[in-house]
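Consider the two complexes below, in which chain A is the common component and chain B and chain C are the respective partners.
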Partner chain A sequence: MAEERLKSATRILTQRGILIAFILFMVGFSVVSDRFMTADNLQAVFRQAAIIGVMALGVTLVVICGNLDLSVGSLLSLSTVLVVDLHDKIGPISAIAVTLLVALAVGAVNGLLVGVARLNSLIVTLGMLSAIQGLTLIYTGGQNVDIQNQDTTWFAIFGRGAILGVPTQILIFVVLAVVMHVVLAHTPFGRRVYASGGNPTAAVFSGIRRGRVVLATYMTSAFCTGIAAIILGSRVMGSQNNVGQGYELLVLSAVILGGTSLLGGSGSIAKTVIGVLILGFIQNGLLLLGFAYYVQWLVTWVVIILAVWLDIAAKRGRMFSPFA
Partner chain B sequence: MNRKFKQLAGGVSIAFALMGGHAAFADTIKIGITQNNVGVDSYQTTYEKAFKEAAAAESGVETVVLDAGGDVARQIAQVQDLIQQKVNAIIIWPTNGKAVVPAVRKAQAAGIPVIVTNSNIAPEGAEFIASFSGPNNIQQGASAAELMCEALGNKGQIVQISGQPGYTTAIERQKGFEDRLAEACPDVKILETQPGDWNREKSQRVMEAFLVKYDKIDGVYSGDDNMGVGALNAAKAAGRADKIAFVGATNFAVGYEAMERGEYYGSIYQSPVDDAENALKTAIAVVKGEKVPALNYFETPKITKANMKDFTKPVF
Partner chain C sequence: MTDGPTLTLFHIGKSFPGVRAIDDVSLDIHPGEVHALLGENGAGKSTLMKILAGMYQPDEGEITLDGARVVMRTPLEAKALGVVLIHQELSLVKELSVAENIYLGDLPRRSLGRVDWKTLYARVGDILKRLKCGFTPETRVGDLSIANQQMVEIARVLTTTARVVIFDEPTASLTDAEKIVLFDIIRDLKAGGAAIIYISHRMDEIFTLSDRITVLRDGKHSGTLATAETNEDEVTRLMIGRSLDLTRRIEASTPGEAVLDVRGLSCGRLFQDVSFTVHAGEVVGFYGLIGAGRSEIAETLFGLRAPTAGTIRFRGEPVSIASPAHAISLGISLVPESRKEQGLVLELNCRDNITLATIDAMANGPFLSGSREAAVFEKYRERLRIKTPGWRQVVGNLSGGNQQKIVIGKWLATQPKLLILDEPTRGIDIGSKAEIHDLIRELARSGYAIIVISSEMPEVLKVSDRVIGMYHGRLMREFTAEEVTEDKLVQAISGIARSEFSACAAPLLQTRC
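The block that comes next holds the complex of A and B.
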């Protein structure tokens, strides 16, 4: 009886480990800092998390489909530079349209190379990461770009405005998350994504055109990054040409933290949202405690290792491999 | 026959070398420059352009303009190339103050004077260089401290957003500011310092946390205006910008514009054009055998709304 209770406790710990870690962090931070649980701070965290969150939604699809997308970091740089630079030149609407089209084109190239040409996704998107960073530097000629009429443009709505009292970027994140959750969990397309990632061979034999599914996931991922760039550009009203540097790993961390498996075939949008929030709160909590941002890298690493370990431990029913 | 030919060839080439060498000294000075990483930021891009223009305007000066692309190994190779080309002086913008020391020593041993530009070489390399030409970052931090005292009437509490950790410029601008602040207005206290990494978005995030954490912030000092404007963005969003004085240690175009709007108190004017021209002038003076100070700083004045008409808007 007692043994059984212990077993079920272990099961809860391993299966809900990440949720427990999340709650522990929240409690810990609010004990140490009296500012942590204030409405202002929570809103700030959600606002900051929205950019990484929107990107992570798209990357989740790619990862569930069994691939990686590391190109999103420099795609964020390129898209932000584009939307900010073109804002003054061709107007906000055209700037947004061009930015999203360019992002989609980059996603299509990734998708074709991985899905149709069947190249390794790590190599394709890692190469794309530096290729796009190069493209961004060529486009800007090394200059930073800025929006001139910051206080009058309606473009400010995405990163600085609010709709019905809710900051717009949080609203965008929530709406996108809901839409993508429905698509992934309740449509044939969603099932194809899981099938293609879980068992590619079986998926193909069941008549799924895997190449097209992969293409669609990469284009979704790039589109999400384009949206994130619009939020970022509007929030900062300017862009450095390497603004997205390192985001690819932050985004991937959020996805993994949530518990979406890198092996593909399992995971969910809800998990990623939790991952994004954990990352956001770690970042914010450490900052409030007076630690520099690079301390967060270390803490994030520890949390990721724990998350991945618990995930694997839950699957095999024990902490260590019996064959080690 | 063969030996004779060799001797002849040798003699001719020595004669040519002598003529060539003579010509180089009498007519043109050849100066090689290896830059850090052109094309990644506006300052370095403008610097290169200004350097080429200044060299073109100078008669009797020929330049070899190279860029290390941020790569230490490539920069060392470029210094070796310049030694091979027997230039009269080498200007180097170190990709890494420590790692380039052996290459600089080699150039000095080959009889080629080395001028370091913008960011200084590590102390152990100081004996191998003819001069350092660049901004005085300690002074820039100190001047910014004076601006802060002025803005706050010598009393208040402020936060600091510093540059990239480990980067000499960031360390010096922080030190210069802190030392001078303690001296000039000891009643202005620094509540907290966080790195903003020379990044506007990151600084905005840091400032958002500061605003949550501290109910009263009278001033923000940033390592440059790019970060300062990030902090200003955050303060504006929180509706607290009008109660805070923003001071930066290097003026950027965005800071200049915010100053025009009256949202940004002041900064330090550091021009990449002055930086490049100063480096070229120092190199020419060294080649001509004139006496040059070991630390040849160029002027970096304070800029506020009151005197900003005297300065053109920064290009970066």
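The block that comes next holds the complex of A and C.
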């Protein structure tokens, strides 16, 4: 019956909606722009996606655990400024170590406030977002920072180098993604993250120390952002003090686009990787078509709304809720 | 109004991925009839009701109202046709007043769209009076007890001219006095010509209220009987395909060493000066009204509350239980009161839920061992006869009885010495209930020390070796299985005889808690 066919078509469209939209996007861009499907461009997309991707891996953990982390954007600013500024002062190894420690400390504060003091994660991390922004400006005194011996430092390996022909930053993203996938899917800790996000009360009733789990997810998220900052600092060899502005939303967008639920308890690293790639290709495609940078934001919003909508429509079997 | 049925379902079918929820069910309800709908959990009652209320669309079949075919795409369309569902789960706005909730979306207006508070409160006041409710229209719903919130939900129906009213387990949280009021209202609605569908697990209510009974089993129509011409046995057989004796007393066991010894335990105003002992191989039942402090004792023993006084000895050693993790490491397990809120992570699958409390033991080095987890799941699936297509099944899709078995399996996997079960069979069909009762006795025989907390007297009497009656945070009396009777137990938790108790004291006691 025609009605039946329409029904199953809708079902496929809603369940695989984001993938179908992605494929259409790719095909469309390939037709319109002959530079889109070139090896150079694809590599550019992946390199661009690596920074958001590494951050998104950590945020995925936080979101599955039922919380938000909006502080990653300004933490990226602070960490990049730190690693770049300290590079010339105390050497790259110490600079990297200090940067990661500072990031972990920020994650620990977030984690303690959300996990142990049980404050709302939106408020805590939104507050942290502006607190770190302020901290960054205090540190730099409003000046931009850069690395002097750009051509000789081995620090360039992270953002500009390649290992066996593969850009290091892509390699870092892939390795981190695999590690995080294993942690989330194949360790007791990963299971605790899903349980704490899916039903915090039942998790506690099952003997899970929820506060510690939350703390660990925030520290992981901050650590990932620290790694992203090292890549970014190495690539640019300098940093503005607001370089990470807006990244928190891009990162969260990637996580949501992949299909990880903001309600917590479900999602995966694989989903986030797909979300990161979709976001990367959309941004790249729009740039190639000559749209201004800020048009991306608008399109990204539309794509996210569609993704979230299709996701929920697939779950309830229709586009509009009967409760609306 | 015609002579025919108000509502007719013709060959309704509904499938979900992997499940045939409703299979060719036909039903008719006449004006002025109370039609009871029975079935085990998972038999399809809720799905059928959601179809009637416009929340689901049937895949097959049709519905007619007064002989005319109707399609209800949303609850609003259903309501417009006069079909109203009173939910098991409450759907009230806690921050608004009783009156606002009752007329939500249809508040009486004055000029310029202002709310006509005077009319609103007057109208609601009348309804509340009719319902014999002891609260005012201005009360904030969030400040009411669950039972009173249920009454607000019912009051809502009285504001519309409902042709078909569906009650889904309406008495689950009502006291005896409130039940009497509810039954009066149902009879009023019936006298007014409404067609009523009444879903309940409780046989006594169904036989008191209904004119006819329809039984569903595995999504199929198992039979429709005239209430006056049938009995509980026949209905039970239709439900589960065999007879069950729920009142049979299970044999006692011989207790061993004292596993838990509690002396003078208090927790603020929740309970005071509680002393008791539980031995290996015995079941101690805690009976009392809701709010008597039974669950709070369990939570204290499980490390969720800190006692303010008293000592706990576990296997001879004095212990101070700091957290659930600590309790588990000692060998104490708690099957909590609320399966969905405290017991299960509904998004996770059966296996992951069963291994959740023992997740560290599932690891081989740093990584989880799939085969070890699978082995644990299979062990408890077999032992507890959990009905599920496989370990990948998400627990949210299982029936209540099977969900409860998953929770019990999770706790047996921790190999506890003391197992506390808080309302182990609440909201579970009678087949699973009997299985769980048998399981509790079997566990006691194999040496577990067990505490069963229950609000159902037959359950307590059936499974316990000793029964402790609680009232207002205090232990009133302790009985052995031989000496305990219903009357004695009721006296213990209220201080008066059974007959007076059910007539007047029960509602008073319960509203005060």
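Here, the second predicted complex is superposed on the first by the 316 of 324 C-alpha atoms of A that agree within 3 Å, B and C clash if a C-alpha of one lies under 4 Å from a C-alpha of the other, contacts with A are read in each partner's own complex, and residues count from 1 in each chain.
One rule holds for everything that comes next: a contact is a pair of C-beta atoms (placed from the backbone, for glycine too) under 8 Å apart; a residue touches a chain by one contact, two chains touch by 3 or more.
Predicted, not measured: the structure shown is a model, and the values here were computed from it.
Taken together in the superposed arrangement on chain A, chain B and chain C fit without clashing.
In the overlay built on the shared chain, the residue A:284 is in contact with chain B alone; chain C does not reach it.
In the superposed model, A:35 makes contact with chain B only, not with chain C. Touch counts on chain A: comparing chain C and chain B, the chain ahead is B.
Seen from the Cα centre of chain A, chain B and chain C lie 130° apart once the structures are superposed, a value rounded to the nearest 10. When the shared chain is aligned, chain B comes close enough to touch A:146, but chain C does not.
In the superposition on chain A, A:157 makes contact with neither chain B nor chain C.
Legend: residue contacts after superposition of the two complexes on their common chain; A:270 is shown touching neither chain B nor chain C.
Within the superposed three-chain model, A:299 lies out of touch with both chain B and chain C [touch as defined at top].
Of the two partner chains placed by superposition, only chain B is touched by A:237; chain C is not. When both complexes are overlaid on chain A, the residue A:98 reaches neither chain B nor chain C. In the overlay built on the shared chain, the residue A:194 is in contact with chain C alone; chain B does not reach it.
Here's the short version: in the overlay, chain B gets within 37 Å of chain C at its closest Cα pair. In the superposition on chain A, no chain A position is in contact with chain B in one complex as well as with chain C in the other.
Chain contact summary for the complex, chain C toward chain A: residues 54-55, 73-76, 302, 304, 323-325, 327-328, 334, 336, 341-348, 352, 355-357, 359-360, 362-363, 366-368, 410.
Of all residues in chain A, those touching chain B in their complex are 33, 35, 38, 40-41, 44, 47-48, 137, 141-144, 146, 148, 160, 232, 235-238, 240-243, 283-284, 287-288, 290, 292-294. Considering their complex, residues 38-42, 44-45, 165, 192, 194-195, 197, 199-202, 204-206, 208-209, 211-213, 226, 229-230, 233, 237-238, 252-254, 257, 316 of chain B touch chain A. Contacts from chain A toward chain C in the complex involve residues 182, 186-188, 190-192, 194-195, 198-199, 201-209, 265-266, 322-323.
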